[in-house]
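In structure tokens below, several structures.
Both complexes below contain chain A, partnered by chain B and then by chain C.
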Partner chain A sequence: MNKNAPKLGLILLMAPLLIWLFALIILPHVDMFFLSLKEKIAPRVYETGFANYGEFFIEPLYWNTFARTAFMSILTTIVTLIIAFPVSYYIAKMLQGRMKAVLFVLCLLPFWVSELVRTFGWMILLRETGIISNILQWAGLVDQPVEMLYTDATIIVGLVYTSMLFMVVPLVTTLESLDNSYVEAGYDLGGNGFTVMREIVIPHAMPGIVSGCIVVFMLSLGNYLTPILLGGKDSLWFTEQIYAQFITRFNWEQGSAFGFLLLILSSLIVWGGLKLSRQTLSNTMG
Partner chain B sequence: MSSASSTSEFDLECSHITKRFGAFTAVNDISFQIPKGSFFSILGPSGCGKTTLLRMMAGFLEPDEGDLTIKGRSMVGVPPNKRPVNMVFQHLALFPMMTVEENIAYGLKRQGIPKADIPAKVKDALERISLPDAGPKRVDQLSGGQKQRIAIARCLVLEPTVLLLDEPLGALDLKLREHMKVELKQLQHQFDTTFIYITHDQSEALVMSDQVAVMNNGEFEQVGTPQDLYYSPETAFVAGFVGDSNRWRGKISDMSNGTVSVQTDDGLKLTATAVGDTLAKGQNVDIFVRPESVALSRTADALSGMENILSGKVENLLFNGANSRVMVSDPSSGDKITVTLPQTGEFNDLQKGQDLHLGWRINQAKCFEELGVSDEELAELA
Partner chain C sequence: MIASIPQSRTFRNIYAAYVTIFFIYLLVPLIVVAAFAFNDSMFPSLPWKGFTLDWFFSSTGPKLGIFYDSSLMESIGVSLFVAFWVTTLSIFVGTCNAFLFERDNFPFKNFLYVLMLLPLVIPGIILGISILVFSNTVVNAVDSIFGLEFDFLRPGLLLVIFGQFSFITTITTLVISARLRKFDLSLEEAALNLGANRWTAVCTITLPYLKPALFGAGIVSFLMSFENFNTTLMLVGSDAPLTITMFDRLREGSTPALNAVSLLLMVVSAVLAITSIFLQRDKEKA
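Our next item is the complex of A and B:
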């Protein structure tokens, strides 16, 4: 057997991943980076500089939009965690065998429908002439149609719904690895439901909580469809700004700079979150 | 509560406790009392219901019938965190996300002990288990024996009335297990707490316990001191499960004054002491003889005073130092009898195929009502 054979095997196995990373992630980003450094000083005249990045900090609309997007994404992450944790605990610890699989599949089921269709589902429910509005009128609780779309709360509802699975999966996985005897020992030594949860279950589930939060936060921050459809024209989502620069304004240089800013700032927020929860990326993903 | 004064010498009492899972009865009408400060073991094969019984004492399961009292107070309906008992789990369940100190302090915090007093108590507990420097270590930095001691200290620091131990030595290797047996017994003396220890390993139960209950099919077969169980078993199950035995199965051909003559299925005629008062002529019985109570000789004359005498050839020598045994096969019945080799030097040159004479007294052979399992099944249980 050739000594280099395992190495060759590794290279061949890694090749699709490396090609994918290089061609679809690194190459466009390098190109975007150079694009973002081009300052337009006159039609078809460019200079190299950071003016496109400066624009983000000078124009309050841009960084306000980013701050708002980041804040609402963090809120979405927290709400998703609060809803997903009991669900995951129930699936992982309370159920056995068949019911466990059934509930898990039920969590997965909405993802067989495209995000667009799911979001339209919410619109059918929430719009002025929608189902909920009609039910409320029929029940006599309101005397005129209610518009429930195009508010911040609607955006968060939509994002939480879209993100749920990405929180449930890592949580169920880490909670399942928690041996029941730890929970029993927690009670046996005098703990109650609250202290066992705080001292034993949550510290054990921390890697799952953090990885779920990172995924949900990144997905919400980078989401385009849900905020636009449920939030309407005033949703002021940062991805919308990037879209506008690229497509509406045809200002690719500015759009690229915004794209990079989104990447850098969201990475900083994730890094801050990891520091705050005293987790490292490697033990979260491992 | 009127009976509280009369039962105060007992730390834990069970009366007519029953637990069913669907149609299966795991624990069937068990009653016992455990005196204060004793080491009580429940010994039984896996699936006999001992874990269910222990979990009822800890509060993780509620009995379907019967009452369980600790220091005269009924524990039925009392959740595990409100009971004066603590449990050492089979795999110890030391919290991996906490240091040793935090593990020991966990229960103290839950008891509402002032924060300022906790470090001193933790330090004291670590010193008592001779691990004074282990406090800041992580659980995965400890050896098996150290984890064991920390798990016990974590419970004992709470000063429980009763400490429950669920086969905690099972995961240790043989040598460490032998060492921990002695240490557990010492810890029990040192802390003067009642220990209830469940195990399927008879040597653990015999070495450590003041009292042992042998459990089978959800019921106690016999409760007694280790000596009682070994020397005067009351049922065939106890005789077969506790210690090694030679066993013959046969029919009673004659009986008088507690002595029975038995015709074995293989055609031997043996005499034995009857145990229990249900034996009758013609009944199927089991006879048990311990390997160390059989006398060996190279000549027939030396054994002339014994009621049971056999002769045979050495089939196999199982040399194991002080625990060496010889397997002798009886040519007439084909039975193989295991005998402990006396360490007097007389049989050191014993060879395979040599002729030997065996003999044992009537009181060394015990005759019980037939047990419903075969030798193989019994060996599997033990």
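Our next item is the complex of A and C:
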């Protein structure tokens, strides 16, 4: 073997990585950034500037939609955490052996099915002629069909359902690593259920809570399918604005600016969450 | 609140009831979708008009069975084609990346590792538009400089494959790296001592060891590609994959044919999911 051989091997091994990262991730985002800085002054005449970003702050519809999307994503994250925590605790601490494995897998299975199918299920349940409306009529609780689709609450229900997995898995993993004797010690020292939860369990589970929250928030923010199908035409989700600018209005410059704003918001949240929990991206994902 | 801490009976019962309700909540949307695939009606809603297999096997309208619905079947074909190429490409690049990050040292290694993780935290719709923008720039540049029409870089299947590949590769890289990290290097050294060259050693010793991870990563990337919606939506041309076709039909007004396709998807994903869980288990034993 000559001396250059390992070096050549390294270059060959690195080529796919570099091609992938540059051609599909870095250059497209740089290009999108430049496109977002193009101001249209006349047909086919452009100038560089921040007008597309200015438009976002001038037009109330845009930033209202943006704020609304962010707010509802936060709400989704909180609701998901509140629902998922007791279940994760149950799986991690109250169950043992086979039952535990079965329930954990049962938690994961629905999420192997396409998001489209899951959302479709909720549409069948919640629409005016749907199952829940029929059950309510049958039980005599209401006397005419109720439409439960196309409200903000429906969007939250759908988003919570879609993101449940990404909360349950990190929670179960961190809770399992909590040594039972700490909990027992907490009780021995006179703590009750509430104080043990607050002083021992939750602090220990913090990394899992943070990483679950980050992923759920990010996925809700970037979701398109669930708000559109469950929220109808007035769902006012920010990804919908991006889609409209690109595909319906063919205003790519504006769409790119919106895309960048969404990317900045989601990156800030990820970064903030990592700082808060003193973790790095490599640790959380790897 | 662990098994060894005594709790009142009422509390235990309430807790168990909560967890039961949670699992009902997880499964009901899927059960509903599956059940209405067999409803002898034009709409996937109540009243139940009797059991039928028409939505699968009827060769004529109005209840055209999905196996005779040429546009649905074509879109399944398109999805399979895309998923095949995405899986092949991302397994190849993922394996290269795993060897690169686990075995080699090179400048900017940590920086490149973080870059490699980034696609996971970029919302899918933004990956889609950035690739759309960039490919359009390339097409225009090639056209104005060389006068060539690079039509294959217009929205269409190639871009869909690139878009899905761009983030699925991160996942395959992580799965394959995790397994490669546990590999005992002395096995490879033994092969080298016995006269094999580097390439033969990797092919006969390391790759077979990686097989469960390669299969696992393959299943995950196939499913993720098959079910992807956000990125695909921005890049799709005239040949629509299944999720896009289903989405369009869902907006027009759904028929139990959609339930039938969904049931088919559920069965396939369940089989693949369980296979991959078993692979995972074998892997941990080994």
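General observations
Convention: the second predicted complex is superposed on the first by the 247 of 286 C-alpha atoms of A that agree within 3 Å, B and C clash if a C-alpha of one lies under 4 Å from a C-alpha of the other, contacts with A are read in each partner's own complex, and residues count from 1 in each chain.
Simple rule for what comes next: a residue touches a chain if its C-beta (ideal position, glycine included) is under 8 Å from a C-beta of that chain, and two chains touch if they have at least 3 such contacts.
This structure is a prediction, so every number in the text was calculated from the model and none was measured.
In the superposition on chain A, contact is made by A:266 with chain C only, not with chain B.
Once the two structures are superposed, chain B and chain C can be ranked by residues of chain A touched, with C on top.
By the touch criterion stated above, A:200 is placed in contact with chain B alone, chain C being left untouched. By the touch criterion stated above, A:187 is placed in contact with chain B and with chain C alike. In the superposed model, A:39 lies in contact with neither chain B nor chain C.
When both complexes are overlaid on chain A, the residue A:113 reaches chain C alone and has no touch with chain B.
Residue contacts after overlaying the shared chain place A:152 against neither chain B nor chain C.
184, 187 are the residues of chain A that lie in the contact sets of both chain B and chain C, per the superposition on chain A. Those residues of chain B that touch chain A in the shared complex are 58-60, 79-81, 85-87, 89-91, 93, 95-98, 106-107, 110-111, 154-155, 158. Within the complex formed with chain A, the residues of chain C that make contact are 1-5, 15, 18-19, 22-23, 25-30, 32-33, 36, 43-46, 92-93, 96-97, 99-100, 104, 106, 110, 112-127, 129-134, 136-137, 162-163, 165-166, 169, 174, 177, 198, 223, 226-227, 229-230, 233-234, 243, 246-247, 250-251, 254, 258-259, 262, 265-266, 269-270, 272-273, 277.
Looking at the complex, you find that chain A touches chain C at residues 9-10, 13-14, 16-17, 20-21, 24-29, 31-32, 35, 83, 86-87, 89-90, 93-94, 96, 103, 105-110, 112-118, 120-125, 127, 129-131, 134, 161, 164, 180, 183-184, 187, 193, 196-197, 218, 221-225, 229, 239, 242-243, 246-247, 252, 255-256, 259, 262-263, 266-267, 270, 281-282, 285-286. The touching residues of chain A, counted against chain B in their complex, run 179, 181-182, 184-192, 195, 199-200, 203-204.
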